[in-house]
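Listed below are the structures to be examined.
Below are two complexes that have subunit A in common, paired first with subunit B and then with subunit C.
Our next item is the complex of A and B:
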């Protein structure tokens, strides 16, 4: 039978297929390691992984480390965002500053922050501070660039209209520039949260005594593939949870935009 | 060099139904206004407007027509003080324009509504900027929302409204603080013909009651004749005043009916003769730019 137009996607079917593929993958993995096609020493085994994660949760071991990582991520993210918005805003308002610091910003942004992690650990120790600095160094640039563009790209007509309607500089920031930049900041938020988590985990991985990066690094040093993979899975779950929360937050803050989903 | 017709020695016309406001506020004077913009990439200057002299009386409705790119919109930005004048003088009630003047309203071509604010917040914004306290602002905002027929839509955001509704919000936002001069830059250009006619009638009605000075930029000659007391025809770029025509059609007018007035066609023909050449020059120039 002929259908007109693009086929309507059935989400139930999409979900079903996702489930089937995931199930098949896990089954293959399990069978392959049980039959000895692949050595579980290197790739672990789904059932063993599940048991490991369950055990971590039961003992509260993983929660402690997860909380440490989340704390570093959150503090670094908040500070990095604040700093990014503040500097982005300042540079957008005072073009002179932007021109002066442009080469510096580009150079700093181009520098691979991950390689800086050992230095941060050297300077700020094995604890929270070095990770927070690491996170800030990653988040700051994402937020800075989007704030800067957000304010530079604000609709000229809106700015002119506000001027004619009687806005003073403070009004302009509060009612025009900030709301306009906020959409850009929010659109970069999900990227920067991802960066924040990477920063925290890499920092922990390279030198710390707690946190998810430490758990993974420790398992690795014991040649424990199960520990590494279980750690990654827990991190993945955390990232997905945060992403869903951010999507909701974004929807709340961009209520005035036509729905683009 | 002065334009072919210099509005300089012209007095604000007094005719059919026009009652100038007693306080005589809201008059605009342009004296030999020339505006140049630097084109840094091409290393030269572009003259948008040249030697424009014009007087607009208090409470007068003046339209500016001309080919696209003739500097009509530039003139409005200059009067509004958004852009400083290169040469010449612009004054409002004898006061030279120096920066944005808050006695003035501006309706933009694209409705410059604040997308993150509701209809009521948008309309109330100029009052908030002017430091009117919320309690005093509320009834004025409600009154204007009622006038534009959007009662019940107070909490909607602009993206939820149709083009016509957004335009009405933009109009209310301008009128709510009662400016002495309203500048309109092709405000209805993006609307469909029916909505456009309704909006034009609404505008005439508001204007008849409030008697503010209106400078209305359009490329639609019919619209200009239907609305105005006077029409200024601009030449192709650089824009000069080519001619000024008084429109002595009776008021109050309805834009849909005034078209059938015997004088309408005659006026249209006369003005179009002037405008036609300029439109052709403007058109050929843009075509040359595109081809060569």
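Our next item is the complex of A and C:
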């Protein structure tokens, strides 16, 4: 009983509290809009929102748009990640390159890409390409910096020991550098999924004929707060789903992960 | 303590002297804010002109025009949210607000035509000869849910094309010319000055021209109410005199517009709004018929706009909206002295 760490957390209690808080929030929202304390024109209403989402799913309307957004997100996310890992890895191995391009990377990363979106649309058209480029521009830097750091932070002793044991450069990459950097890369992936979706949605919001950004922008121009919030909730659910998938992948690939205690 | 008291008394006395009083009230002009989604657009000329000619000031109003980035929808949002008391806006926004159970009222007609056109890139001259030829092609509107979107849907439906047989893309008002040039869209709904410039540069041709009364009649089958001055019912209830003053100034502006030449107007406007005066004059002459000398909101025109919005179910199928509930011509009639 007398463990030295913090008291053991009861997960049942945590879940209960989460449920209670969420329920209370929704109830307050519903009551406030029904009683006229808050105008539902601005904030919609939980029951109306639920009905809207249900209707979207029933008619298949939302699936069509969600698939478009997911396609842009995933293509951009994969390309951005590959590019980020490749460049990060290269820079970590050839320090000279890293030094030469460091100011450029910092400058490019400092640029607010969301504001650049209208330019991307002019350069790459109103179709899939402009959204994918937008996503890549957001994902690349997160992954690049993590990969770079991940490779640079590999345990020196581990590297030296592997070398003493006769590892050639290929072995080093396969068995030492990549596995230890994977932890960093995976943690960055979970951050960058959110960015990827933002990129796709902002791109659609500014110019497109389908996708969640289009749905939200249309609802907004109709003063339809329900449509805007329902669209956001659908996107939120999509991000959570991807995050869970990534968590599973992470657990499977990072078998190597050092035990942090 | 007495020090503080004395200070408070002093401040109060100062207020008592400065704030009320007959003469003070007359020279302190009433502040009014008007939201506009893009002051450079031709349809907002009455408000812009009334301001630059000092018509609002003559009525004792100090009007501030807020040019709201993001177009008419955002200006209307500002009006609904209470950031501004008036917005110069397409009547569409009053209808969309009505669908969401919010009332907006049009008290002055800036224009009586849609003042937009459908432009096709020259390279499709042989292929696109009518609206029916747009089937399966990407066509640009200024933004999803905007007036250009609704009118395009109505035009397509009228010509036997189902709106979902056309890829309708929100391409932006000022980026539309580029979208057409870059072939992102084969055709696009354009407003002025872009419409006039694009045709003048010889880069495209107009399939539909709703800058003229005849063009609108041919395309839409009757009157279409264009941009109006919108306000909220609570503004009308609390400050009817202010509404009347706003409308007086705007009626005067429309009278001046309809009796002026494009060159004269281009000279009157601040240079950053008129741009190239020659081009502005040309663009105005093309759209001249859009400005109503009487400034009255047309019942038939409003009814037709409601119909255009049914195509995409922006007005739900079962919902009935009375055109009369969206406008109030009493202020204009009073200003006209009827």
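As a convention for this text, the second predicted complex is superposed on the first by the 249 of 261 C-alpha atoms of A that agree within 3 Å, B and C clash if a C-alpha of one lies under 4 Å from a C-alpha of the other, contacts with A are read in each partner's own complex, and residues count from 1 in each chain.
The rule we apply is simple: a contact is a pair of C-beta atoms (placed from the backbone, for glycine too) under 8 Å apart; a residue touches a chain by one contact, two chains touch by 3 or more.
Note that the structure is a prediction, hence the values are computed from the model and not measured.
In the superposition on chain A, contact of A:179 is made with subunit B only, not with subunit C. Look at A:208: by the touch rule set out above, it reaches subunit C but stays clear of subunit B. Contact with subunit B, but none with subunit C, is seen for A:167 once the two complexes are overlaid on the shared chain. Once the two complexes are laid over each other on the shared chain, residue contacts for A:10 go to neither subunit B nor subunit C. Only residues 77, 80, 82, 100, 102, 104-106, 108, 110, 112, 114-117, 125-126, 128-130, 157-159, 173, 177 of subunit B touch subunit A when the two sit together in their complex. Listing the residues of subunit A that touch subunit B in their complex gives 155, 157-158, 160-168, 171, 175-176, 179, 255-258. Residues of subunit A that touch subunit C in their complex: 41-42, 118, 121-122, 125-127, 206-209, 214, 217-225.
In the complex of the two chains, the subunit C residues touching subunit A come out as 73, 76-77, 80-81, 93, 96-97, 99-102, 138, 143-146, 167-172, 175, 178-179, 182, 184-185, 314.
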